[in-house]
Structure formats: structure tokens, C-alpha cells
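Dropping the structures in below, format is C-alpha cells.
There are two complexes below, and they share chain A, which is joined by chain B in the first and by chain C in the second.
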Partner chain A sequence: MESIKLRKITSLWILIVLVLFIVNIVLGILMRLNQGEIIHQSPITFYANMTTHGLTQIGIWFVAGMAAVNYLLQRYVKTSYSANVVAMVLTVIGILMLWSSTYIGKFHAGWTFLYPLPLRIMWAKWATPMFFGSILVMGVGWLTWSVSMMTQLLKKYPLTRALAWQHFKKNPSTQTPPFILITMITLIGIITCLLGAVLLLAMYSAEYFSNGTFVNDALLMKNLTFFFGHTIANEMLYLGLAVIYELFPEVGGRPKWKTTWYVALAWNCTLVFILTAFFHHLYMDFVQPVGFQIVGQIASYMASLPAAGVTVFSVLVAVYRTPIKWSLTNLLFFIGVAGWVIGGLGAVIDVTITNNFVLHNTLWVPAHFHTYNALGNVLFSLAFFHWFSIQFTGGIHKEKFTKLILTLLLIGGIGFLLAFYIGGAESIPRRYSNYPAEFPMAAPLAAGAALFATIYLIAILIFFFNISKRCLNVLFSPS
Partner chain B sequence: MQYSILLLFLILTALSALVFTFVFISSKKVGISGQGLSNPLQKRFWFLLILFVVLGIFASVTIPRSPYFLFADEVPARVVHVAARQFAFLLSDKAIDPENPEGKDSIEFLANELVEFRVTSLDVNHGFAIYNPSNRLIAQTQAMPGYVNRLRWKFKEPGKYTILCLEFCGMAHQVMRSSFTVK
Partner chain C sequence: MFKRIILSFIAGSFFYGTAAFGQVNPADWKEEANIYEKVYDVSITSNKGINLTFSQLYNEKPVLLALIFTRCSGICNPFLLQLKENLQFKSDTGGFTVLVLSFDPRDTREDMILLSERLGLKNNKQWFFATTGDIEKMNQSVGFNPVWDSARSQYDHDAFLVGINKEGYITKKLLGLRDKHELGLLISSVHDIFSPSYRLPNNNQLFSCFNYNPETGKNAPGLGLLFLALPAIIALLLVLGISYNVRHKQV
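Up next is the complex of A and B:
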């Protein structure tokens, strides 16, 4: 049984994530409205919004996945409440530091803060250390949380068992639940890329405090930046998948999924591929060794194989001609998996070097990652939020507006994303506050996208008002 | 090329959406006695194998056509040095001195001659993206401080080509541009 304290802190995580998500969608809509020439922001305000939107989005969906995994992990091992609290406090402080650096200090180097842009001060001087401080504070919180969860896991499951290696033999004597396997693989990835971030920050601070006597290597810094940035953005998806493995069969009234040799093999392979797939962010840096570029394409393809072949197939098989108790929870999971597949298709197209040559840094890039986030990973977490919120309603619950929420999410999401994909095909650059005259379709597409994003926002608001009351009840209930 | 990519994506998306919809409807229609998929393990094996083979073919066909190998065996007829800085491009037939950077006002190429761009940056990372006279992105590389990226290309169509920065480089990133003419 999970402790009451864990129940309360999970409620608080859900409320924090949803409030920040709503604010963040508004920031995104403002950006598209500006690009659509409906409103007029200064480029600095636009890029400050862009920096805030990117890093906040990564942060909230990462912690949403972690909070869900932490809650469900309690079914198998005892987790540390203190680590959970530390992560929450540091995440909130980190977000406040980030927002002060971008909105008071006008820091606007983008969430990928590509070296050496953050050191070319075009904002308040204190804003650069404040921005890096925000990453450091959040990173320490997340590292503490991840290491704590991993330690607790290893107390019960030795490493080889947590990685389900016994399943490579015939008739394994012990079972590793898929949830444990995926959580372990994901935590290893998270800790590795957070350590990469520590190195990156150390190198930035060495240059920042050297008074010009030390200069970093731009190619190495770019590799490190994407080793951290790409990996953390993908690991947060895997947190969502761990939750699906645990909850999807349970919510639908089906038997729990079991680990088989190929599930174990697929996820062990994913650990390797996901840590080398980031090379695809450097395809257009022709000085990067060609071997790395080819590894980037192959690893990116291979990373999609276990995910698509095992997870997607498992979900489809679990549903096909099978009586399922459908609810908002498993509908969100199911649609989320479809969104994740479609975003994955856009990603596989983009990680093919010959395509990347004409798609890199066009709107195709935000198109595919918004697909597997806005209609993929976000829905995985919303599904967990919904499932969690009805656990404490005494077993009587009928969700209102299920069809309305899903319809608005789909209409808003698809319209918003399609504008990005068409923009990519039109060669429209990403990260432009205003579009040049060469792209007559860019502004109308952006304005249309803002409209559809507003429909998506309405769905999120209805969802939020539906479940926030239940989460507040959990948070303030005496027992 | 971009619209062919979009079309491929939309076809694959429609197929995926159809599969998910079909599976969902099959679950709604089936009675309490639904048995699910027969032989799922065997079908999964074939699904994975087909996916593996398709991606393998895709990789082996596309990797040799990567921009790193473009015109690798030919000698360029023109070499143009490009230095990017916030928020302009300098283009020159001579190597650009970082201490005293200067570029030419206008650059012209002949159609179908092999041009090699040697692209670097004097400050932060920039993108060096070439748009054809129809404003379609046809080739690009990055401009990175401390490194020179070599991009080789033959321009077939005469006209004015636009260069845009495709790597976010600061507050005036969206107006960083240059151009050249192909005769």
C-alpha cells in the first residue's frame, strides 16, 4: 500500500504540472500568434518565450513521468519520500530561476543554449548564471530522485535481474515485471545524461570564470549539449511507457503483461541505442567524424525498433478483438501510443541524413517532436493523472466530458501539428520570431496553428477542472 | 523533395491511424468471449523482421547519398569562403581574416559548375542554408566557430539564391541573410 504522504505529493505534482502546462501552452500560442502577425512582440520577448517554453515543457513532462513512476514503483519497493520532496522543491525553485532569467533578465539563448551563445551576453549579465543555475538546481533534484529510486530498486532486484537478463535463458526461475525493467533502463539513461549535463555546466563555468583565458571546443560542447538534451527528452517518453506497461492491462481489466526474452532484449538494446542516437542533431556539422553520423542514423532507426515492435505491438495485440473496459484513462493511453507512432514516423524521416539535409531546423523538427509530445507523451501522463485522481473516489466515478475532451484534443492537436508539417515541407525556418517575405504561407499557417492550439488548450482546461478538484481533495484530506 | 517527404509521411500516418482505428473498433464490437489475436508471438516476430528489413534497406540506400559524399571525387571549379557572424554572412573568393573580416558585395556562379563553400563562424553557431529561386531549401551546413564545414553543390537553375541562417543565433536571427546569383 502506498503511503498517504506519497499520495499527497503525487497530487501536488499533478496540479503543478497541469498549471505550468496551461501557462506553457499559452506561451506557445503567443509565439504562433506573433509569427502569424496577429500580435506584435519584440524579437527579444519572442525568444525569451521560446526559451522558457522549451525548457519548462521538458521539465514538467519529465517530472510528470517521474512522479507517475515513483507512485507505481511503491507497489514493488519502498521509495524515498524525502527524495520526492527534494525533487519537487528544487524543480519549483529551478523553474522560478529560469523564468526570472528569461523574463526579468531577458535571457533568450533557446532551451538548447548552444555554446557559445549563452556567453555572448545580449541580456542582463546576471541572467546567464541564473539560467545555468536553474538547470543545475533542477538537475540536482532530478539526479537525487533518480539515484534514490535506483538504489531502492537495486535493494530488491540485483542489477542483472532488474535488467531481466535471466529472461535470455529458457524457463527463467524468476520474473522481472516489465515496469521494473523499463524503469531501470530509463533510470540508467537519465542518470547518464544528467551526468553529461554536469560536465557541460562545469565546462561552461570554467570558461565563464576564466576571464578569457580558457575557451571550450564548440563541436565537443554541441555533442555534450545534445547528449543531455536529446536523451532527457527521450527518456521522459520511456517513463510514460513504463506507466503504460503497468496500467494499460490493469485499467482495461486484462491480465498483467509479462516480460519475455524479446521484451527484455528490446529494452536492453534501447539503452544502448538511445545513448548514441543524439548524433543525429549534428548531421549538418560536416566536421563531425562521418562514422558518428552513420552511427547516428542507424542508432536512431534501431532505437525505434524495440519501441515500435514491442510496445506498440503489445498495445495493439492487447486490444485487438479483446473485450476492454474503455475509460478516459486507457483511451488516452491508446491515442497517445498512436500519436507516439506517428511522431516517430516523422522522426525516422528526419533522422535519415539525406532528408535532414533539407529538413534540418525547418518547421519539420517542431512538427515531429510536438507530435510525440502533445499527442503522445503528454497523453500518457494525462492518462496517469486521470487514473490516479479516481483512485480515491470510493469506486464510484463516471467521467464527464470524455468524448468532448478527446475530440477537442484530437482536432486541436492535429490542426496545430499539420501547420508545422506543411511549414516543414515549405522549407520555413523554425525559431524565427517573424517570417521573411519569401514564405507567404508562413504567417497564415502560424495563425491557423494558434487557433487549433487554442482548441487543444480548451481540452486541457476541461481536463484540468475535472481532475483538479479530486486532486485537491486528496491533497487536503486528513487521511 | 520536401513535398514527396510530406506525402510519404501522410501515407504512413494514414495507414497507422487506420490500423489503430481498426483495432479499436474490433475491441468495441467483440463480445465478452473475444479471444484476441491468434499466435501473437509469431506475428510479432514477422512484424519486427519486416520492420528491420525495411529500415535496413532504407539505411543502405540513403547513407551513400549523404551530403558528406557529394561530389567527393571531383575538383571544385570555385571555392567560396563563408564567415558567419551575428547577424550577417561574409562571402569571399579569398580566405577571410578573422581579425579583419571582409566579404565581397556580390557573388556569381555559373550554372552546373561545382562550388565548394568553406563555412565557418566568427562568433556563435549559425546555419548556412541555401534556398533556390523558388524559395525551397536545397542544401545546408552549419557555421561553427573554430571549424570549417565544406559543402559542395552544383546549381542547375539560374537565378537569385537566398542564404538564411537556420541555427538560432540571437535576437536578430530571423533577419540574418545573404544571396548570390547563378547565371
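Up next is the complex of A and C:
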């Protein structure tokens, strides 16, 4: 079922994502060097870098997950090539608009662009609408892609079957592949949060163009911002997990995983609870009723723990005392699951209300989300990229530098993350371009983090040069 | 009760007087101005003859600063009486100093002693009555703008209480005669204790999650909550719509 065009566009996605990722890591290293007082950036440059780094990172790993899922979905249903192209064109335009707003227009309100920061113009006046335009353009592309994929899925699988509800009964007559279940659950979540983004942008635009005759409610705007931001950051992780469920047993030469009642239940829980987990971002907002805060804590547990439980169980059962064909793909998946679980535990610690009083807006927050991204979701996508790149070598490819890549990724990643965790435990605040004297450990930790992040970057560069030639071959091969 | 009626009468007379002779524009007085700015470190002389800097005072304990002048025929006396009375009912009276500072250069140490005696606070260790030779800078740093009215030989001004924490930052200001609850919030603020504040209803704000009613002090759910649920509702309808549509076409 797989088409040549799909191969080519997937190759292009991989190359775009990796190039942007490398640039983005450099931005991150520059920020940590500045915090470490090794280099000196103006606060405007620092916050422009922070805004660009955050949104680009979300964008590229979201499309990486989508491209992987789209590619694998072709095994089950025919997907739309046009929707894939539209998403790519709009993503590239969106990224260019975003970078223009931050580097030419000097927009630097942070990737969370919390209300009312974007409307307090401290940059070129056009940069605010350009920034919102970039999110709108990317959002429209991704919404089109998601709706298109979901429509194709629903053509083959009725909704209840796509959600694997038949598995709640004994001896279900039909099977729903786990990949289909997780993809469906994730696409519904993605569509919901992208609609939230549309509403958020509409509210911002209404205030921006009303000349003061319309004012937004700060609480509503913060809720909508995290409804979109938190949800999409989690859904992109689930895209990576869908890929694991499909490829991990296959690459290891094991039978495909099957959906059971507890897998179906865990992922259906995720669908419901991930949409309300974002309330944990508003613990410090005293106007939010206490009930919402409690919902936020419970939903955060319920959205993550069941899905993590069944996934970790499945992965461990698949490898425990079992002959496995280990490759870079498998190892990246395996380490990625460990990173996801460790980052997830960091998140669960943070979303517990009593802990959040201590950890809120400290370096603990970037610690946990960098863990389940840099050593979790990114590795899921890198595993897919590697697996994809060797599909078309005719079985002839020599695996180079596998041990070196993994060693550098682990040393660089763990060292870089430890600096965040120690900083969080020391109550060092996040989002500071320069640390005041009250935090003597902050600058040395940041400098150390920059060093380890450079080691991580070297691993990514080796990985990139290893697979880029194969991807370029796929891209430019005659049909 | 009788004292309250008298206080209200005096305060009311003052406000009507101000409106009639009005040289002070209330719009120029903003409680939210200067918050979290550092107060000017002025040199002061207390009624006990002690010379010290303001920072020496607030570094020891947070300060409630009342700016008055002794020849005031209007708000100053009722303001200080009310402050004294309200503080009597506060349990946390040992945790801060009340500095009554004259903003009139004519006031002397003797005038301040007389004022403290009149209020029955001469030997109260919590209350500090003082003058300064540098009142202009102090007024500027706290955003206090008394206007001299030569016809009445009086300053046009309002009752003005400023909360200053131990680091010398202005944490809250109260303009006019205010009740015990608001005095309590000011005292909390000088101890760096968070006090929630609410945005008042605004005609330009259509989609609040909750609408605060200042009369009842309660929140009622607003239209914004519906907006919060809207993406999920639309997504659900979209999924059901697509599902129905593709099934319908296949049939």
C-alpha cells in the first residue's frame, strides 16, 4: 500500500526535522551558556531564543511523530498525500514566520505566550500578529493533516472499534491493532487542542484589533493557553508511543503486540484525562476553584500512569529473557521508554499539589519535560528515522557508530538533565536570563549543562550524517 | 457607636469640603502606583528626640506609614483615631511599627509630642511620631501629593497609609478612611503574605470564567467556562460527524 511519494515526503520530513533540531539544540546551548555567564546575550536575545527554541521544538517533534504515524498508517489504510504536503508547506511557512517574528521583529514573550504578554508590545509592532499568524498557519496545516488521517481511519474502523471498545467484552470478535487504537486516541486529542488554539488566537485577535473596547479574561486565556500547550506537548509523545507499539516487536523479530482489555482501558483513560490534566498549570491561580485544581492532579495521574504502566509492562515482557535482535532502532526505543518513564515520574512529582508549592516555576519543570522529550520522545522519533532509513538499502547497510551515538546521547543527555534537576531541587527559578547572586549554584550548573548538551549535540550530528545520506537517496531516487 | 458617628460626620464634612474647594484631583491618586518600589531612605527625628534613618526603622520591623500634619482641620485626626481604634482589635500588633510622619515643614518635635499625647499614644512603643527635613523626596517615593491651599491655610490631601516591608519595599497603599478588613490586608502585605485580589466587573470584558460580585464577595460561573469546554464539544461533534458521514457513504 505504501507509495513512492509517501517515502519521499517522509524522507523530507526527517531531514527538515533533524536540521531544525540541530539548530534548536544550538539555541538551547547558547541559553545555558548565557545563564552560566560564559557568554553575554542581551535579555531580549535570550528571550527571543527561548521563544524560538520552545515553539520550534514542539513543532518539529509533533510533525516528526505525525510523519511517522502517517507512514506506518499506510499499512492499514490509505492516507492522503495532499494533506501531508499541505501540512509540510504550512509547517515550513509557519516556522519561517515564527523565526521572523522573534529574530527580525524581536518578539520574545516565551513559547507559552501567556496573556497579556504578547499584547504588551516591547518589540516591532508587526511581530505580535506575525507570531500569532505563525501558530495559525502551522495549526491549520496540522488540523488538516489530523482530520484527514482520522477520516481515513474511520472509513475502515467504526469509531467504537477504532477506540477498541469491543475489548471491554469477553472474547471480542474483532481485534483493533494497538497502533490504530493509540493513533485514534491521539488524533482526537490533537484535534481538540488545535481547536483550542484556534479559539485562543481568535480571542487574542479580538483584543488586539479592538483598540481597547474588548478585554480578555486573564484566567480564561491562561486556561486556553495550557489546554492547547500542555495537551499538544503530551499528544506528540503518544504519537511516538504508537510507533513503538507498531515497530518495537517487529524490529526485535517478535510477534506483534495485541490489544487487551487493559491496554484498551488505559488508552481510553488517556483520551479523557489528558484533556483536563492541564489544570495543574493553574495551581497558583487562586481564582480557579479548588475543585479544578483537584481535577488537575487526579487527571494528571490518570492520563499518564495507566498508559505508562501498560507500555512499560509490554516492553519489559517483550525483552525479558527473550532473544531479541538488538539494533540502534530497538535500543533507541528502549532507552526512550526509560527516559519517558523517568521524565513522567518527575512530572507526577511536580503535579502533586503539595510538591508544586515548592517546585512551581523552578528548574524542576524544564528538568522533567526535557527528560521525556530529549531522552524520550526524541529517541522514539530517532528510532523511527533510523528504521525508515534502512528500509530501502536493499538489506545492505553497515551500522556505524551505534555504541558511540548511544554513549554520547546518554552521557550528554543525563548530564544536561541532572543540572536541571539539581537546580530544581535547589529552588533555582526557571526562565531567568541571568541569575541573581542569591543563587550561587545556578551559573555553574548552567555552564555544566551547556557542556553536556554539546556532547548530546555531537551524538545527534553523528546520527544525522549517518542517516541523511540514506534519506537523500530515498528523496532523489527515481520512482 | 457614638465615636463612629462623630468620625463619619467629620470624615463626611471633610470630603464635601474637598469637593467644594476641590484642588486635589482624586484621579491623580493611585493606590496601585509605586507598589514594590523602594521607599526613600529619609532621615527622621522622633518625638523622643532620636535621630535615625527610615531604613533603620523598617529593617527592624515592617512599617505602616501615616502621612499627616498637626494643624490639619480635616481628615488627619479622624484618620489617626480610626487607625488607633482598628489596630486595637488586631492580634498582630507587635509585628510592625506605626510611623506617623508629618509632611508639613512647619511641624516641630513639640507639635508631634502634643499630637501623640492627644491621641494617648505618647508612651506606646509601637507608635512613632516623627518629623523630617526631606519630606518632598519621601512624598515623591510613596506617591503622595498634598496641595497647599493658601485661602484656608490648609493642605488638600487624603488619608494615606502606606505599608512598607522589612526590605523597604512599598507593599500596599490605602487611600481614604478604610475598614478593618483592608487594614488587615495591608498588615499581611508588609509581612509578605499573599492576599488575593479580584478584577472588578468590566463592561469590555465579556467572557470571564467567573464573575466576582463585590457586594457578596462571591464568584459566579461565567460564559468563559463554556468557552473552555467549546474545543472539546466541537471536536466530539466533528468526530461523530465524520464517523457518521463515512459510514453513511459506505452504506
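Keep in mind that, in the parts below, the second predicted complex is superposed on the first by the 479 of 479 C-alpha atoms of A that agree within 3 Å, B and C clash if a C-alpha of one lies under 4 Å from a C-alpha of the other, contacts with A are read in each partner's own complex, and residues count from 1 in each chain.
Assume contacts are C-beta pairs under 8 Å (C-beta built on N, C-alpha and C of every residue); 3 or more make two chains touch, one makes a residue touch a chain.
Keep in mind that what you see is a predicted model, and the values were worked out from it rather than measured.
Asker: Using the overlay on chain A, decide if chain B and chain C clash or can fit next to each other.
Answerer: Taken together on chain A, chain C would clash with chain B, as the superposition shows.
Asker: State whether A:Val287 touches chain B only (first), chain C only (second), both chains, or neither.
Answerer: both
Asker: Based on the superposed arrangement, let me know which partner A:Tyr208 touches: chain B (first), chain C (second), both, or neither?
Answerer: A:Tyr208: touches no partner chain.
Asker: What is the contact status of A:Tyr76 with respect to chain B (first) and chain C (second): first, second, both, or neither?
Answerer: Touch partners of A:Tyr76: none, neither chain B nor chain C.
Asker: Which of the two partners, first being chain B and second being chain C, lies in contact with A:Ile188: first, second, both, or neither?
Answerer: second
Asker: Which partner, chain B or chain C, touches the larger number of chain A residues?
Answerer: Of the two chains, more chain A residues are contacted by B.
Asker: Report for A:Tyr103: first if it touches chain B alone, second if chain C alone, otherwise both or neither.
Answerer: After superposition on chain A, A:Tyr103 lies in contact with neither partner.
Asker: Touching A:Asp217 in the superposition: chain B (first), chain C (second), both, neither?
Answerer: So A:Asp217 meets both chain B and chain C here.
Asker: Report for A:Phe392: first if it touches chain B alone, second if chain C alone, otherwise both or neither.
Answerer: A:Phe392 contacts neither chain B nor chain C.
Asker: Which segment, 2-10, 74-82, 146-154 or 182-190, is the chain C region that clashes with chain B in the superposed model?
Answerer: Of the stretches 2-10, 74-82, 146-154 or 182-190 of chain C, only 182-190 runs into chain B after superposition.
Asker: I'd like to check the shared interface: which positions of chain A are touched by both chain B and chain C across the two complexes?
Answerer: Comparing the two interfaces on chain A, one with chain B and one with chain C, the shared residues are 217-219, 286-287.
Asker: Residue numbers of chain B touching chain A in their complex, please.
Answerer: Where chain B meets chain A, its residues are 1-3, 5-6, 8-9, 12-13, 16-17, 19-20, 23-24, 26-28, 30-32, 34-37, 40-41, 43-44, 47-48, 51-52, 55, 58-59, 62-63, 65-68, 86, 123-125, 127, 129, 131, 135-142, 144-151, 162, 164, 166-175, 177.
Asker: Can you tell me which positions in chain C touch chain A when the two form their complex?
Answerer: Going through chain C, the ones touching chain A are 196, 198-199, 202, 204-210, 219, 222, 224, 227-228, 230-232, 234-235, 238-240, 242-243, 246-247, 250.
Asker: Quick one: which bits of chain A touch chain B in the complex? Just the residue numbers, please.
Answerer: 43-44, 47, 108-110, 112, 114-117, 120, 122, 217-219, 222, 260, 262, 284-287, 290, 293-294, 297-298, 301-302, 304-305, 308-310, 313, 316-324, 326, 334, 337-338, 341-342, 345-346, 348-349, 352-355, 357-362, 421-422, 424-427, 429-436, 438-439
Asker: Which residues of chain A touch chain C in the complex?
Answerer: On the chain A side, the touching residues are 147, 150-151, 154-155, 158-159, 188, 191-193, 195-196, 198-199, 203, 212-220, 223-224, 227, 275, 286-289.
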